[in-house]
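The following pair of complexes shares a single chain, chain A, combined with chain B in the former and chain C in the latter.
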Partner chain A sequence: MRDIVFMSLLVVIILALTYLTYSGGLGDLPPQDIRVIARNYLNLTYNQEISWLWAASPEAVTAIVWDYRGLDTLFETVVFYGAILAALTLFRSISKIPEFVSSAGLSLIVKRVTAIVTLAILTVAASTALHGHLTPGGGFQGGAIASVAPLLLLVVFGKQFFIERKITYSKLLSLRNISLVLLGLNSVALVILGFLIGVGGFVFQNQAKAVSVLSYPSYLLDVPLGGSLFFFNLFEFLAVASGFTLVFTILLSRDDTLRKELEGEELGY
Partner chain B sequence: MMDYVDLVFLTMGLLALSSVLFTFLTVRTKDLMYAVIYSSVQSVAYALIYFLLLAPDIVLVYVAVAVGIYPLVIILLIKKVGRYEVRV
Partner chain C sequence: MDIELIKFMFMLTVISLYFNVAISLYGVVAKANLVKKLIALTIFQDTVNMFTILVGYKLWRPGLILQPPVLTDLSPTSETIKEFVERSVDPLPQAFVLTAIVIGLAVTLFLTTIVLHVSYHFKTVNVDEISKSKRVYIHEEAV
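After this line comes the complex of A and B, so read on.
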């Protein structure tokens, strides 16, 4: 009986949404014209004739994310950083407990397949992040893809695999902190440079504007570099990948270690 | 008769309907491991819709999170609370 009510409710909702969409609730589908704001971004992002307003990146989305709306993305990064930091703080003493139990991992066949797949995942991730200013993708996307690789390795090869290769908790934490500091410095680099040589600059400056002549390089050899966008993507990639890996390392610890950490001291939960 | 745009919208509609079906299965199933898999299938349908809506940036992060990271976290949780849902 409950199932029937639930199903009919579902069908009614679907039909209602279909009716609204079909009768023009979302406007013309597909849209017949480009909206003004989209047209502006498309006209400005890689228009060499208006190079005092461009972002030097053929990818409009990355240009919006890290140049035109760079501050928004910086705050997103800070929120993500804070969330991971909170998780690490909750389980901070786990990092100091050495894992005495060495898990042998899964069978040889799974290990070989995983080794090949891991290489492919890391390649795709690096290409997504480093080509973020040329093709769809970017630092966060690349970092999220890359973090699947250590996750697979942790499950298939066991935690011992990481410890033997000296990929430790503190090294990952340092990598993450360094890349976040560099990300922050990248956003104010031209302000500092402008201050030192006595010309104006602004936060999140990428290419030279009317009020400021400083500029990141827009080409590397003959490939568009996107100025600061390339560096933002690179540092975000490293920060996201190492942050996720840290959290996975903690989540995949032994059960009793985790439980002891959550039980707390004399006050209990 | 049916041009390219119609085909895209038809595919999007079918994907949206199948995502509703898989959401229903996710909610109803008693085996939580199956629930994770159904939920991932629903996420894949959403990822394809994003792709058809010309948002490849979203697709790249959505696939990695929805098929890799999110099932892992849920499976770790299931490992701790037990695989089968019991009604009390």
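After this line comes the complex of A and C, so read on.
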């Protein structure tokens, strides 16, 4: 009975939304043209003639993410940081247990193929992240792609592979924290520089503005660098990749290790 | 292609997304299994992301070549930029969605660890059984 009521409610919601959309609730569908704000962003992102408002990046999406709406993205990064941190906190004592597993991994054929594919994945990830200001992509996407590589390695070669190469939990955690600190510093770098040399600067300032002469470099040799965008992408790439790798390492621990951690003390939680 | 057909297909896509939202909400609320709830939640996430991308869509007209919001000319003149603004799709929804996807992934990982905890602790992922076993436990304590 409860199911029937619930389902009929959903049907009513769908019908109501459909009616509203059909009678023009979302405006003219499909949109004839993009919004004015989007036109402004597209016009300004790499317009050297209006260089006091440009982001020095031909890629409008990255310019919006890390320059025009950079503060939003910083807080989104904080949410990302918190979610990973919460997941790690639930398994905090596993990280201190040294795991002595001698897993042979999968067969030789799978191992060789994975070795080749891993290189390709890491190359694509680095290219996506470091060219984020020139081509579609950026730190978030690059990091998400790169985190597939350790996941594959964990499954195919076993956890022993990471332990032998001294890629430990604490190292990954340090890498993540350092890159997030650098990301934060990058956003206030020009304020600090301006404070030191006695010129005004802004939080999340990328290129020189009409009221502030401070600027990140716009070009590296003759290629657009996008100023701070390149560094934001780089640090975000490291933070996302190491954060996901940490959670994957924990989730792929041995079953009895996980069980021991989860059962808790005698009195439970 | 006919403009009317494009409009019809667009409306059909929007309505099918509404269906997707409804079905995934049904999964989140009505299914007792926590893993099924989690799967429904990811479907909901993806549907909303898809909807956001769809907002940045631009109607194709004969003679108009659409392109992603990336300027390919690295030393643009004002004409090139004008043409770029005319041809490009809306970059703003894409910027929102790209962060939403990664944060969605992080939140999904967090929820997965919680479900793992619950499954080890209660030996089940069914919320009805979990609440029942909790009630028995509290009753035993009271007695």
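Throughout what follows, the second predicted complex is superposed on the first by the 237 of 269 C-alpha atoms of A that agree within 3 Å, B and C clash if a C-alpha of one lies under 4 Å from a C-alpha of the other, contacts with A are read in each partner's own complex, and residues count from 1 in each chain.
One rule holds in what follows: a contact is a pair of C-beta atoms (placed from the backbone, for glycine too) under 8 Å apart; a residue touches a chain by one contact, two chains touch by 3 or more.
None of these values were measured; they are calculated from a predicted model.
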Partner chain(s) touched by A:Ala144 [first = chain B, second = chain C, both, neither]: both
Chain B versus chain C as contact partner of A:Ala86, first or second or both or neither: second
Per-residue contact with chain A, leading partner among chain C and chain B: C
Contacts of A:Leu10 with chain B and chain C, given as first, second, both or neither: both
Contacts of A:Ala60 with chain B and chain C, given as first, second, both or neither: second
First, second, both or neither for A:Pro224, with chain B first and chain C second: second
Touching partner for A:Ala189 - first (chain B), second (chain C), both, neither: neither
First, second, both or neither for A:Leu74, with chain B first and chain C second: neither
Touched partner set for A:Leu252, first chain B, second chain C, both or neither: first
First (chain B), second (chain C), both or neither touched by A:Asn43: second
Residues of chain A at both interfaces, chain B in one complex, chain C in the other: 3, 6-7, 10, 14, 29-30, 61, 136, 138, 140-141, 144, 244, 251
Touch list for chain B against partner chain A, complex: 5, 9, 17, 20, 24, 28, 56-57, 59-61, 64-65, 68-69, 72-73, 76, 80
Chain C - residues contacting chain A, complex: 6-7, 10-11, 14-15, 18-19, 22-23, 25-26, 29-30, 55-59, 68-74, 76, 78, 81, 84-85, 88-92, 94-95, 98-99, 101-103, 105-107, 109-110, 112-114, 116-117, 120-121
Touching residues on chain A, where the partner in the complex is chain B: 3, 6-7, 10, 14, 29-30, 61, 128, 136-138, 140-141, 144-145, 147-148, 151, 244, 248, 251-252, 255
Partner chain C, residues of chain A touching it in the complex: 3, 6-7, 10-11, 13-14, 17-18, 21-22, 26, 29-35, 37-39, 41-43, 45-49, 58-61, 64-65, 69, 73, 76, 79-80, 83-84, 86-87, 90-91, 134-136, 138, 140-141, 143-144, 223-224, 240, 243-244, 247, 250-251, 258-259, 262-264, 268-269
